[in-house]
């Protein structure tokens, strides 16, 4: 708990802030958990015409509140979908440019937006073997805009990730493009404290906004590297009652809002 | 070169297959015995909790195969079981976890962190392209995925500059499994296979593999296949064995039939949470080694529970 | 380089598309006017006498577009009409003929042998791979087809040595049509398109193109699409215009609805046999320029003849 | 008419001889016209278990006598098929090695089995613009065994084709393999006079058998180049009454048996 009087959890905060990032009318490559909740929430608020796409092979499902899927390839995820393509086809839509937003989590993220969800420690003999890329690398490589949605913790925001599962701006500057990644790149990093973007030139992470009541020191104290702090940092309104009400109605059993 | 692709050898195999429409119905026991070998590269169809060929996974464990390379796009519960049973040497995948509700796999962590099993990580599309290249009969396919990542670096994937665009591309090498095992909705005895709902990567997997074992919910007459030919995903000449096994994906789902049983996974997961590897092993002893067939396992699960999952599928869809 | 592929530009277009599910129902007249330009690269769906978007071909001729590059895997009757109407500058195909019964096209011969139109010849898979590369979002795909042939030599296709197998492969450059026009079984107003029976290359063609016009036998409610999502071949975000045009492929067939009308083609062919180009032109004057819409053309054909083709389809299938 | 007493046409002869080449249990990539008739005939004789594959996207149809398709992608060609794949998929089956035999026609064929169905004369300004490759190049490039089925005429059998639409053994010897075509190659050339194969070493066309009553001079007189004539040339029995009866029952209206 960061603020004593607040009436929402960290998960709820993160989900609401992620949802606000989603533009109406766009296609969104969504994983289960908070990203899915964020997309479902946005659909019920400012973005009724966004299209959810699941990598298991689902286009435009209607997620039923209280009946949330635990994976991107199961009947609950595919409910009332308009199409059930193969997994490769979903990624081809993305590589072709038909998918606007992808939402990723991160076990580690560094100042150039590179993400690690593979190994902590050495690759050959890891200290922690994480689940791995799944579609995350593909999203990071070829989706138009990547939103990273993760808790703001020092162990996550590291100077340099142990392993680049999903490429951000690599070593900054033009290095992403030079590696051949001619599309996309990280767009925003949304946490439970702040919203960050990337400097146009250096591609280093930059704090763009903090949530009302969050001090910039709090943001920095919870990061393993120093992001760019511009002269003006916007302040963001906390989740509204309406946002919270709708979010909780989507996941009444708090399957994902843990 | 680590990713040596011998298209000629794999083509040779395909050319020499018996492509006559002969009946291929057999028992699962027989099919697994006939086509698996210790050390084989075995691709498992479906995706995570969708159409996992669980009956065949049980049979592989029961027959005690060793040193297997398991290929799966998103791996989960079944990989835990293969690991603790000593079958699995190398996992070729993009992701492995018991699923969203349970986070990381303690089992996988134990085996990989102690170098008892190898985790070969590709991106999800990377796995798809490896199978698709083989299915298409070419030694590689190009993609922008994986460029610049540690995945590409650790795997040592080749890159090239496209002569038409000047762009850099990662070249994903073909993967030809020795055996592909898929679970499908229905087939005729010749192996014309239909899949309802999402097909995941099963089509390419079957076309890529040297041998294909298909477990199906239902074996139907060829006339029924011919009346709905647009639903056929894999033609008979790619298939070696057809096994009728209703609920053959349980506890994962089979589209059109039953929803996944996450309560079953949860009870397994509880054993792991409480006793780690020994917990997983106790599940295997009781449910796989302690029974003579998948049908006996299903009996243990109970008809009530299975029919509940059938009802659950209908509830979601309607 | 002749086959310059600007993936960035084509990706840019896809990124900037309006991907919201907006209603896209419009008249054929309007759709063709809105998306075609003189000099455009226009891909026509279906294959030879199957699901040829004939209504749209009539409309293109009626609106008098010029200097078009027409892309089609196997071209036939429709190409004759586009040639004699002065619309077609370059044909990108693997084959062009009025069909088995009539041998070579006199019309095509006249235009190509006198250098009045260009015939760019690829293998059939070559056309497929050009569209598939674009659909996949990569600038090329590798194949063993066309190696060593004069097709490869005349086109100047690049080849490479595979780093994993040491084999030589032909690299087929992506083709991104300005407009793809396909004729399908049904769609909702948002452009979720379902095709019954063989899909030919329409899926890739739609994914490859900058704009997609779909004429369909039937516009249905979105709920109907959602109830049969596994039949959807092209998702709404690839599609720009949906036009309801029953019998929109006539005289070619539309699977599930009506058989091709070879007697109609034969009567056209008779005009060509008797009067050459003038014969073909007289067909265009009477059936396309002389009517105000495809519906009027269908009226001329007559309901009896159309229903006969519906009956014929059922007779073959059963 | 080559033989005065014979009771069959050239088309019938060619179709029967082509049918005899097809091995039971194999998959056959078939075009419309005589190849289709040959496959349907073989199915009713010695090869009940061959599988017909049409490039339009059809696996294992049941061709109904008297209801013959005029193209490889129409409902008559797809009657009672077990699968209707995309066109690309049919070619991928072939490139992968799942298709045993392909049957091709030829406007021109040369002594190394190269086939021209594109242009007579110059490519840029052809004397005759033929229909083109269609799937023929793909069959010649990646099918396991190619059977060329064509009338035996001097204008067809030329020293060097004007254009290699469908590669045979290119310039003979190892040149096909050197061009990267590591699979397949022409297997037999079946005409209305003889059956020819290719020399193992030089890859030049070689007469293997002539039909009963055909003199070797007749074969040579109708060719624009000299094939290899081995010491022993087999003699082949003419079409039997049964073969002819069944063939005619498949195409009772003589749509293709013209």
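Labels A, B, C and D are assigned to the chains in the order they are written; within every chain, residues are numbered from 1.
Throughout what follows, contacts are C-beta pairs under 8 Å (C-beta built on N, C-alpha and C of every residue); 3 or more make two chains touch, one makes a residue touch a chain.
Model, not experiment: these values are computed from the prediction.
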Chains touching both chain A and chain B: C
Intercentroid distance (Cα basis), chain D paired with chain B, Å: 40
Inter-chain centre distance, chain C versus chain D - centres from mean C-alpha coordinates, in Å: 29
Inter-chain centre distance, chain B versus chain C - centres from mean C-alpha coordinates, in Å: 37
Residues of chain B touching at least two other chains: 7-8, 137-138, 143-144, 167, 169, 197-198, 230
Multi-chain contact residues (two or more partners), chain D: 78, 84-85, 95, 142, 182-183
Those chain pairs that satisfy the touch definition: A-B, A-C, B-C, B-D, C-D
Residues on chain C engaged by chain B in the complex (per definition of touch): 1, 3-8, 137-144, 158, 160, 162-165, 167, 169, 171, 173-174, 196-198, 230
Chain B residues touching chain D - in the complex, by the definition given at the top: 7-8, 10-15, 17-22, 134-138, 188, 190, 192, 207, 222, 225-226, 229-230, 232, 235-238
Residues of chain C that touch chain D when the two form their complex: 47-50, 73-74, 93-97, 99-101, 104-105, 108-109, 112-113, 115, 119, 121-126, 128-129, 132, 143-151, 154, 159, 167-170, 197-201, 203-204, 253, 255, 259-260, 262, 313, 316-317
Complex interface listing, chain A residues touching chain B: 32-33, 55-58, 64, 67, 70-71, 73-76, 78-79, 84-88, 91, 95, 118, 123-138, 140-142, 163-167, 170, 175-176, 179-183, 255-256
In the complex, chain A residues that touch chain C: 24-27, 49, 51, 59-60, 62, 78, 80-85, 92-98, 100, 142, 144, 182-183
